[in-house]
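Shared chain: chain A. Partners: chain B in the first complex, chain C in the second.
Right after this comes the complex of A and B.
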């Protein structure tokens, strides 16, 4: 289980905390959706759960242990802007190999073309880079995935294709997924539970 | 207001040494946008929709080559003319928040956009304030730098920048990405009001639902060109769509089944740019002799225009 226990966080520039005493838990194989208005701290929550930010108070726990700060993290974050989470000076092949080259099956299911491996990120479209980052995130030690608006900028057909791969990974490898999105229809379609994040210490509520 | 005739955009790419390949991501594209009209361009991500916007503004990379005609208010555009119109008469709401200058506060950036559009400093200040008000951002947010904004706030700053100078044609490249439903509805309403004031807009989006709510016409972009233009956006249902790609797009929406139908998605516009016959041949369910021979032109059907021999 991936959980946040009484997590509070504020950015240095603002005195007001973005998140106050947040509780959330995601079981393996579970798909939990979160929505909330713009600026309510959805992305901050994603970054806290995946170790990119460290909470002021409270803890993020993975299967009973505190989230490690070094080594391979069992929690992987997927971003809304995938072009910002790849090294622009590396070719796709190098980007993927940094974790461990994904198997042929995974590459095929994400429709990652072989000749992309020799291309740089700027030579791929947003949807194509997103598929590359998903292949990278689905490494062998991944137990949880935080999907922060990952298909927001993709067309509906590509969106279905990406979710089919992620849902299959959740099913077959028992990976827990936190889905952050504005699209209620999408959340209802892919998630088991949907939560609402209301800004300003409103916390998380069942929707 | 804007008429595009037979637009082609191609790129040369070096493979090895002097060996070059020519890629044509956009081809045979025809489009007209009238005054007071919002034309939504809906289609696959990475399919070249943004290139279309960039071609109209002449901000394509240097190795791009364009063919065809682009007319604005009856005048054919060339480099010089576009240079004068850009930012003043035609403005862009760019796709990504990375188009903001990371080293300037957003208030200064919107102010600068107004000055560049030809307003005096005094006018620009007023225009900036009303633009921030219009996109419902607080005054305090003018002092923030781009990295301090949430995705939705940054998106609204970009909209403020595009409208601050009062350009009659607004090209919005994915302006609705990352907005929550409330802000999205607000933005669409705002766009509608702005356009009804004698402006026009090209709304490039992958969000068919957003397009349905606001656009007068919906153009479906796939395989590097426009495959269908739907005049009747109200009560849009699957059977009013004639092109297999449009129907597949419709069926894959989360509320309409979330499945992949009809189109097997094996076509690729870039690689097949030079091929004869319909680009969707082999990818769609219908295969006629005609599909093999020639690319279908945009032909009138009951609800608009479509490029399919089977429609």
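Right after this comes the complex of A and C.
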């Protein structure tokens, strides 16, 4: 179980906390959606849960242990801007193989073309890079995925493909997924539970 | 139909890439040829020969001769070779300094960064030539004076570029992600950071050559650099000043034009390499 316990966080530039006393838990194989208006702290929550930010108070726990600061994290974050999470001087093949080359089936299910491997990220579209980052994030040691608005800028067909792959990963590999989105319909469709993050009180409620 | 539209830019880019590689090779060939020519030429052209004084350019003496009857072609080629050597030495010292300080400033941050950026600002805000003259004079002139002076005054811009590059990389998403994939700091430095810094460094180094060469010539011209028995371009130009009023134009014009040409070739080489090293431009 990936959980945040009484997590409070504020950015250095602003004294007022973005998130106050947040509780959230995601079970293995569970798909939890978080919905909230802009600026309510959705991305902050995603970055806290995946270890990119450290909470002021409270803890982020993975299977009963505090989220480690070093080594391979079982929690992987997928970004709204995939082009920022790939090295522009690496070819797609190198990007995919940073940990270990994903299996053929995964590449095929994400429709990652073989001739992309010899291309640089700027030669792919946003949706194509997003699929590459998903393939990279689904390494064997990954147990939780935080998907922060990952399909917001994609066309409907690519969205479907991506969610099929992620839902399948949740089903077959028991990966827990936190889905962050503005899109109610998407959340209702893919998630088992949907929570609402409200900006003012900073709390999470069942939507 | 759609096929041709999609494929066209690819072919153009390949052609441009080939052209860029060719330009680089031509530039390198130019320097190698110049260097070999300088080494092969004997010292006969450097000897005084009062029978052939002040001859304008002709078939026997393509660059003419000076007031002591020395062949200007030999002196110019040898002068350019000396300039390349000094320029390379000075540019390398300068680039290494820039690399160390720039990366240190960005890596350690805090006080180290404040001190190094302060140093950069001070060096950049002092008039170049004044610094060059002072340092060269303090070092007692000669080759070491020129090299130290040029090295100490030219590192700032490259240091700033490298500092900015490292700072940007430090916060890059893909570096943070790499840590979360369990990669060590050393692995990240070698595989993520170095491939970004190395091209910047090499190109910065090459683009430093022209400055180093011009400034070492300038220092020699002003009398603070090399001694007159070294036929460096700066010395040639400085000596020719005394002969200009007597109408011996070739003594100043020809070495001057050669110097500018060489500097320009270095500049082209640096800029073409920059174009090639960036996947964004080299693929377009």
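Assume the second predicted complex is superposed on the first by the 205 of 207 C-alpha atoms of A that agree within 3 Å, B and C clash if a C-alpha of one lies under 4 Å from a C-alpha of the other, contacts with A are read in each partner's own complex, and residues count from 1 in each chain.
Keep this in mind: a contact is a pair of C-beta atoms (placed from the backbone, for glycine too) under 8 Å apart; a residue touches a chain by one contact, two chains touch by 3 or more.
Note that the structure is predicted; figures quoted are calculated from it, not measured.
Participant: Have a look at where A:86 lands relative to chain B and chain C in the superposition and call it first, second, both or neither.
Facilitator: A:86: touches chain C, not chain B.
Participant: Looking at the overlay, what does A:52 touch: chain B (first), chain C (second), both, or neither?
Facilitator: Second partner only.
Participant: By residue count, is chain A touched more by chain B or by chain C?
Facilitator: In the superposed model, B touches more residues of chain A.
Participant: Given the touch rule stated above, what does A:21 touch, chain B (first), chain C (second), both, or neither?
Facilitator: Once the two structures are laid over each other on A, A:21 reaches no partner at all.
Participant: In the overlay, answer first, second, both or neither for which of chain B and chain C A:3 touches.
Facilitator: neither
Participant: Have a look at where A:98 lands relative to chain B and chain C in the superposition and call it first, second, both or neither.
Facilitator: A:98 contacts chain C only, not chain B.
Participant: Where does A:71 make contact in the superposed view: on chain B (first), on chain C (second), on both, or on neither?
Facilitator: second
Participant: Thinking of the overlay built on chain A, is A:139 touched by chain B (first), by chain C (second), by both, or by neither?
Facilitator: Only chain C; A:139 stays clear of chain B.
Participant: Determine where on chain A the residues touched by chain B overlap those touched by chain C, and list them.
Facilitator: 81, 84
Participant: Tell me, which parts of chain A touch chain C in their complex?
Facilitator: That would be residues 50-52, 70-73, 76-77, 79, 81, 84-90, 98-99, 120, 122-123, 139 of chain A.
Participant: Tell me, which parts of chain A touch chain B in their complex?
Facilitator: 11, 13, 35-39, 43, 80-81, 83-84, 124-128, 149, 152-161, 163, 182-186, 188-189
Participant: For the complex, give me every residue of chain B touching chain A.
Facilitator: Residues in contact with chain A: 42-47, 95-98, 148, 150-153, 174, 177-184, 206, 208, 248-250, 252-255, 258-260, 263, 265.
Participant: Can you list the residues on chain C that touch chain A in the complex?
Facilitator: 172-174, 176-183, 192, 195-196, 279-280, 283
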